[in-house]
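Residue numbering begins at 1 within each chain, and the chains themselves are lettered A, B and C in the order written.
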Amino acid sequence: MPHPFFFVRCEGLRVISADSGAAILDEQYRPMYLVASVSVLVEPPYREPSLRIAEPIFKEVDTGLEVIVHEAELCRALLDKVKADVVHLDMTLGGVTIEDLSPVELMNMRASKAGRQQILKILPRLRKIAGEIKRLYDIDMLAIGKESVPVRIAELTVGAEAILFACHRSIEQKEEVLLGLPLNCQPRVIGDRVYLHSLIAAEHDLRSYAIDTQGILTKVKLTETLNPVARGFRAIKIKPR
Amino acid sequence: MPHPFFFVRCEGLRVISADSGAAILDEQYRPMYLVASVSVLVEPPYREPSLRIAEPIFKEVDTGLEVIVHEAELCRALLDKVKADVVHLDMTLGGVTIEDLSPVELMNMRASKAGRQQILKILPRLRKIAGEIKRLYDIDMLAIGKESVPVRIAELTVGAEAILFACHRSIEQKEEVLLGLPLNCQPRVIGDRVYLHSLIAAEHDLRSYAIDTQGILTKVKLTETLNPVARGFRAIKIKPR
Amino acid sequence: MPHPFFFVRCEGLRVISADSGAAILDEQYRPMYLVASVSVLVEPPYREPSLRIAEPIFKEVDTGLEVIVHEAELCRALLDKVKADVVHLDMTLGGVTIEDLSPVELMNMRASKAGRQQILKILPRLRKIAGEIKRLYDIDMLAIGKESVPVRIAELTVGAEAILFACHRSIEQKEEVLLGLPLNCQPRVIGDRVYLHSLIAAEHDLRSYAIDTQGILTKVKLTETLNPVARGFRAIKIKPR
């Protein structure tokens, strides 16, 4: 071995990440409204969130990448409460540091032209937030997306919180709701918690949950179904009791 | 939320879909003959077929897309027996309606040139069948392919029925047969049924089966193996007792 | 059926394959040193290795494809001990026979330009080894890579052996080591064996192992973690007791 061996003494990265999603579906199982945004703190061994901020959004699905700016803000808000070593954004650009990403570099990256144009539109605002986080907490915000386990945990947390938000809405309006969950996951209600388990085989020990502090789970009937027109996605039908 | 909330009152889509496959393999595990075609009715929660038409085909593997025309005919035949809301064809073109797909539109779609040429050859016949189905039953035939759960259930049904067809052939000819199953599934014989379970993690509750009405399963010995040259595929060796 | 039916009488392919990998990670979970190379014999039903040669390598990660030449040598070395029907190399070129692969053919294949250039550099040496294997044992060496189950079993064997090699190093140097495992697998220690199970759903019955003949597993503490920056990958922290 040509170089000195590398030894690990650190206790592991503490990561803050964020995601938005879960969608109210129409009768054809088409997504209509995004339901929730969250930011989470994830610590070793990276199986559950340690802390979170969750918000109902109920925005139309075709809002482009605007939602990512809000996710970055939620990460900054969580950093006001707790320490972390790095921020993972749900944007897959090879793990590049947002603050250092210039428009020219972005345009030279491998991504669809339309995708890069959309990112270009939000880049100034993202860089501003990344700059603030760097200045205040001295940590980086990375565009790591699909490669990140904490982003996946944020996604599962979105799904769990979205179930509670959608139940609330269903009761309020006294109507059935069909809620589309994130990719490859399955809900389970235990007591006052909704767990959302990853169904990806190599993520069998990865999950998130949301806590029903208002007892709304007792007021609805939940039925799980596969989404027939989108393999890997499940939906739950929520019906007021 | 800018628009009125969307509420679901329907009981869910009833889907008819079709597929062909499973293959007799040679000693090098190369596919030689396609074994079965089926059409199925799939209803919520989309975990098993409710009804089916199954045919042994034993056609050479390199027959191109001809087999899809026959699958469309099997869908129409199943519609003569039972009501449905939509037909899903095993052709992945973003869920476009077959009847509305012109040759010009097809050529502008994202797909390999060779693939589009092959589809072009069968398109007039597919559109004819789609037109008949529209006229007779007022429902659409969609080129949704890989995105469709009912297409996956048709694929699992093909595998289950193919096991019975291949057992029959093995007994008839008093010879061993090596049968290659569809991607990511595993057979299980229980009583007079051959179940085929999906091995995709997010499809753990998805399966199909075939019923052995002639007692042929008692006349053969089945041995399961992984296909060493095609990851994700399993095969069964069928040997007359 | 237009042609005579095909019947299988052979007892199944015996395959020799090889792989290198598992990596010492730094604090950011970045791979620094490759840990092990192995060649394995895999027989039907292709679920475990029957025989192996394993070597610690501890080479810097960016050594390009040089490591594949050594894998081919390990395959040849295993053939000196045991019979087989074919050799599977961990290089994904559609299953082409290495000995017949000319530089011109290689350049016409679908692969990134950089990838083909790297293969071109090692091709003469690979062809030389393939030629020797053909002459001595009359079997082919195929560039089948990701499609091969025996290559996957070689990969799992690399991971299992790498755990023992890294434990040894950790004890020797009295320092913690963070070892990154191959994609989609999970370790389990039972007695004097380290098993490495595939976590891919359709490979639930596929695994490998390494035997700890020197009792080093009793001298370390192993902790499993997900790799936060590479989804699907797990790592183990090795700490001398």
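In this text, a residue touches a chain if its C-beta (ideal position, glycine included) is under 8 Å from a C-beta of that chain, and two chains touch if they have at least 3 such contacts.
In this text, all values refer to a predicted model and were calculated from it rather than measured experimentally.
Asker: Check the residue numbers that subunit B and subunit C use where they touch, and answer same if over half are used by both copies, otherwise different.
Answerer: Homomeric contact, different residues on each side for the most part.
Asker: Between 0 and 180 degrees and rounded to the nearest 5, what angle rotates subunit A's CA atoms onto those of subunit C?
Answerer: When the C-alpha atoms are superposed, subunit A turns by 120 degrees onto subunit C.
Asker: Using the average of all C-alpha atoms in each chain as its centre, how far is it in Å between subunit B and subunit C?
Answerer: Once rounded, the distance between the two centres reads 34 Å.
Asker: Which residue numbers or ranges of subunit B touch two or more of the other chains?
Answerer: Residues 201, 204 of subunit B touch two or more partner chains.
Asker: For a test of understanding, state which residues of subunit B touch subunit A in their complex under the given definition.
Answerer: So the residues of subunit B touching subunit A come out as 1-3, 5-10, 12-13, 15, 42, 44-47, 88, 95, 144, 146-150, 152, 201-204, 206.
Asker: Which subunit A residues qualify as touching subunit B in the complex?
Answerer: Within the complex, subunit A touches subunit B at residues 24-29, 32-33, 58-60, 169, 173, 175-178, 183-186, 199-201, 204, 223-232, 234, 237.
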